Amino acid sequence: MNYFVIVDVTLRKGIADPEGSTIERALPALGFTGVTNVHAGKSFRFDVEAESEEAALEKATSLAERLLSNPVIEDALPRIGER
Amino acid sequence: MSSPAPLHRALGLTDTELESIREVLGREPNSLELALYGVMWSEHCSYKSSRIHLRRLPTEAPHVLVGPGENAGVIDAGDGIAVAIRIESHNHPSAIEPYQGAATGVGGILRDVFTMGARPLAVMDPLFFGELSDARQRWLVEGVVSGISGYGNSVGVPTIGGELTFDDCYASNPLVNVLCCGAMPIQRLVLGVASGVGNLAVLLGSSTGRDGIGGVSVLASAGFDGADGAESLDDAKRPSVQVGDPYEEKRLIEACLALLDDGLVVGIQDLGGAGIVCATSETAARGGVGMDVDVTAIPLREAGMAPFEIMTSESQERMLAIITPENWDAVAALCTKWEVRATIVGHVVEPSIDANGRSVAMLRVRQGFGGEVLAEVPASSLADEAPLYNRPMARPADLDAIIADDPSDDEPVGSPNDDLLELLVDPAWVYRQYDSQLFLNTVVGPGRDAALLRLAGPGLPSSERGVALSTDSNPRWCALDPRAGTALTVAESVANLACVGATAKAVVNCLNFGNPEHPEVMWQLSEAIDGMTEACVGLGLPVIGGNVSLYNESGGHDIDPTPVVGLLGVIESLVAPPPGWEWRKGDDIVLVGARHANSHYRFPLGGTRWATRRGRRGGHVPYFDAETLAAAINFVAGEVASICAGQASDVTAVHDVGGGGLAVALAEMVAVTALGVEIVELESHAELFAEFPGRFVVATNDVQSFIARAELAGVPVVPLGTVGGRTLRIGSMIELSVDEVASRRRGALEESLAAVL
Amino acid sequence: MARIGVVVFPGSNCEFDAAAAVTRLGDQAEFVWHTRTDLDGIDGVILPGGFAHGDYLRPGALARFSPVMGAVERFAATGGPVLGICNGFQVLVEAGMLPGALQKNRGLTFLCQPTTLVVSSTSSVLTRGATIGQELVVPINHFSGSYTCDDETHDELVRNGQIVLRYKENPNGSRDDIAGVANKSGNVVGLMPHPERAMSALLGSADGMVLFEGFLGVKVAPFVLAH
Amino acid sequence: MNYFVIVDVTLRKGIADPEGSTIERALPALGFTGVTNVHAGKSFRFDVEAESEEAALEKATSLAERLLSNPVIEDALPRIGER
């Protein structure tokens, strides 16, 4: 079976997020108020060939932790997605 | 098949053009054939409006190895090294997706250079935007600069200079020009020629997707899909934006140069606008041979692509190599090492014999080699025989009135101090984002008069020489007088090179103009070409390549005529850096060159930055006078060249007087040295801000001996003052602290951009 | 004469420049393609700057899986000198051979400019020929050069003298102005600035010379492990 | 009310995704098989002050299209997320 997996990669708490803060600072000038705590992250989407949803997630988790994120600064969360 | 009659117009072909196609083929073209003509006979590919004018440019000199018409111009730079150079525009793509538009512009210009066998060693990026008070312009600037940075840095070619102009005429039509210069051992020079019946056409690099199909996409809409079998495609969703992949390009560069070093290719050609049809028809036409292309062999990124999409796609990072069959295994192995995909997509075949017994090199598009022929047209009819137009020309009716309204007569309003501060901009925010040092060649990087590089690089014979590069433009002058404006732009460029000791050797140009269907635009284009011709003949320079970008319109208005000059120079011995702008305490400052302009006015202000900032866009442009210019330029170039060759000199700093005039040139030197200067009283405020080339600010620690040398050379010198203190003082007109000058200049651009990300 | 392996990943672009710095000081440079799995006969390894594997995903993230990296790790484990410059530094942290991580620059733009570095520790193969407090003008050329690590790691770096170079004026937001760090033994060093671009007055600075002299063992005693 | 919004920015269909393809090509050598169609995207997380969930999403959509993506090549999909 082919499963569609999405991995969200976000910066770990406490790690500086210059991209998020820059966007946040720029917002008022562009007319956006009331938007706070902006954080920038990455996401990866792919198909995983596996026996079961669980097996697919397991594979995706290993991929996410070993490759798609840098554990020193990032968290990675895989989930089964909808196409 | 649906009748092609309504189709040809949708493909951008006129009724007369359709008639010519029928004549060439001796029959009705099918829709795929029409699509091929549609892209190849577009203005972009065929230069149909400009070609008859471009023929007037001088193109020859003993050191020119390859002139216009090939992918890049090439000169013999000495010591067994050939230097290739090319400039191109990527204006329209950059207007809708600034990052990718600029990035793919860099990718494209690199391919033009390494397809000649040269390793790309330097990029330059003349950029033109609307005023930064508009948020969209800031978005464009950020996007374009990061696109050039993102692609150029990653692909590993330093960006060593460019231009940065802000003017409302570019508000919805920014100009993004990119120049690339590369070098090769002279024997590696190759041309994009297919020859040798039985040879293979090998597609290298990326797979082919529906990128940049643009105009021909009408074939996909209902009614036209029959013959080509285009699957239901939602036009609105069709991506015409190309995404650049610098990593693919980097591997492609290494693989192609290695193929050439190993002698594995007969000819090689990049895929640019019009993709495979362009590369195959051009190589076949140049070689006088036929070419069979198998559309099913081409690796695709997307399913269900129709032959017209495959043939015209502008997917990036692809090259076409012509090889002998015996070399296929070696080519494949080398490409595997560099992880570059190599696929045989075409065969070189005998030319066909037409009804009159003449041999005609045919481009055939087939469904499988030996399979059904989907299109069959003479290669040269696509590549070289587009109709040429001598479009109507007319001098703008209001030009005389505009010229008559000359700001040179204006009395100064307000303080010259403030005027000067307003004119100071340091483009460092831009060029700091570019790797300008890779290959350890950059002796003078961005931010000075011209860039100066050692003539060295991987695989080159060793040499003590250097090459210098400058790009220049002056749309303000060209709007008033495209002929003199263009000639003066060339002169300004040659003066820039003199500041780093180099002798100009060759010109490339990028002619950015408005809509050629407007007679005023055609007149501007023709005048600009005459001006370039006059300057190049007068200064002894060949034009070895260029690019024409038309239809640059903004809100229904044509942009100001913007011919961009790219100039390549050589210095014979480069063992010490040129003096640069850093003068020293106690130095004497002199002005080298004619003090007064050869013009209606001693100090013309027409078309200057000073006048434009005040909304004054009229006036007279100075005359172009090759002899006077050449004397000053050659003298300065010689002075600097001897310093670069390691000789002792009393000259400590050199800067040419360019945009903003004498006051700006002095302020720039003050800013970078952080040392003040005391300048004598000038004739008038106009002398502060007048712009005309051929003048240099020089600092010397032995003014007597310097003046003696200048006199010997017949070049006028005016003593201006002495270096020292913490103030920039120019007579009674300018008095500014060094810190204010420096911080205003440093911060100007960033402050204007600050409101955006 | 030392034989220095300059590792070349697809996408590397400073390999010629690194090799030029090595040969300029009279040693021998040899390109090591990333698929090689041995470093036989090599006396020192340089991971040069550039964009290995396009820097896709994260700088260094794909490169650290290149076959050659196993050999580099083994080479380092036996005390062999390893120098990562810019992208090479990013590969070394991704591979876990050096602590910390490199994030995007504070200003979110690529930066190519001269910087002044201050030597903070001389117990590394790179800085052993310099003196503490010595200032060196060396250019930077990166987008992701902001050095990041947690407090614990930082304490340890300080305690062990592993912070070898700091910026005099921080250009990119690096924690504690860090420009370069070493491993505990001092034989593996990574730095964001490009010392190979500061080897000649003609190009603006020759201050990188003292660093390469250290790395190549010129004019200084052979490196002795610090711990 | 404060709503937590996540905006996923992905490349539009048909647009080349060099990052995704490069990662995909690298996977087999790293021991990951059966992973295909890899696509790389961005994500933004922020708090929006608004009257209702709908109003929050509307604001986020405008922000996403004007600032966080370029609709010429990217799709931006805002959704209410869980913290």
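A, B, C and D are the chain letters, set down in written order, and residue numbers restart from 1 in every chain.
Simple rule for what comes next: a contact is a pair of C-beta atoms (placed from the backbone, for glycine too) under 8 Å apart; a residue touches a chain by one contact, two chains touch by 3 or more.
Keep in mind that what you see is a predicted model, and the values were worked out from it rather than measured.
Counting C-beta pairs in contact across C-D and across A-C gives the higher total for A-C. Of all the chains, the one whose CA centre sits at the greatest distance from that of chain B is A.
A separation of 36 Å divides the Cα centre of chain B from that of chain D.
In this assembly, the C-alpha centroid of chain A lies 40 Å from the C-alpha centroid of chain B. Averaging C-alpha coordinates per chain places the centre of chain A 30 Å away from that of chain C. Those residues of chain B in touch with two or more other chains are numbered 245, 247-248, 339, 757. Of all residues in chain C, those that touch two or more other chains are 53-54, 56-57, 62, 65, 108.
The multi-chain contact residues of chain A, meaning those touching 2 or more other chains, are 22-23, 26, 30, 67.
Per the touch definition, chain A reaches chain C in the complex via residues 15-16, 18-19, 22, 67-68, 70, 72-73.
Note for the complex: chain C touches chain D at residues 53-54, 56-57, 62, 65. Against chain A, in their complex, chain D makes its touches with residues 8, 10, 20, 23-24, 27, 30, 32-50, 59, 62-63, 66-68.
Looking at the complex, you find that chain C touches chain A at residues 57-58, 61-62, 65, 93-94, 100-101, 103-108, 146, 148-150, 173.
The touching residues of chain B, counted against chain C in their complex, run 146, 149-150, 153-156, 245-248, 250-251, 337-339, 431-440, 442-443, 454, 457-458, 574-577, 757.
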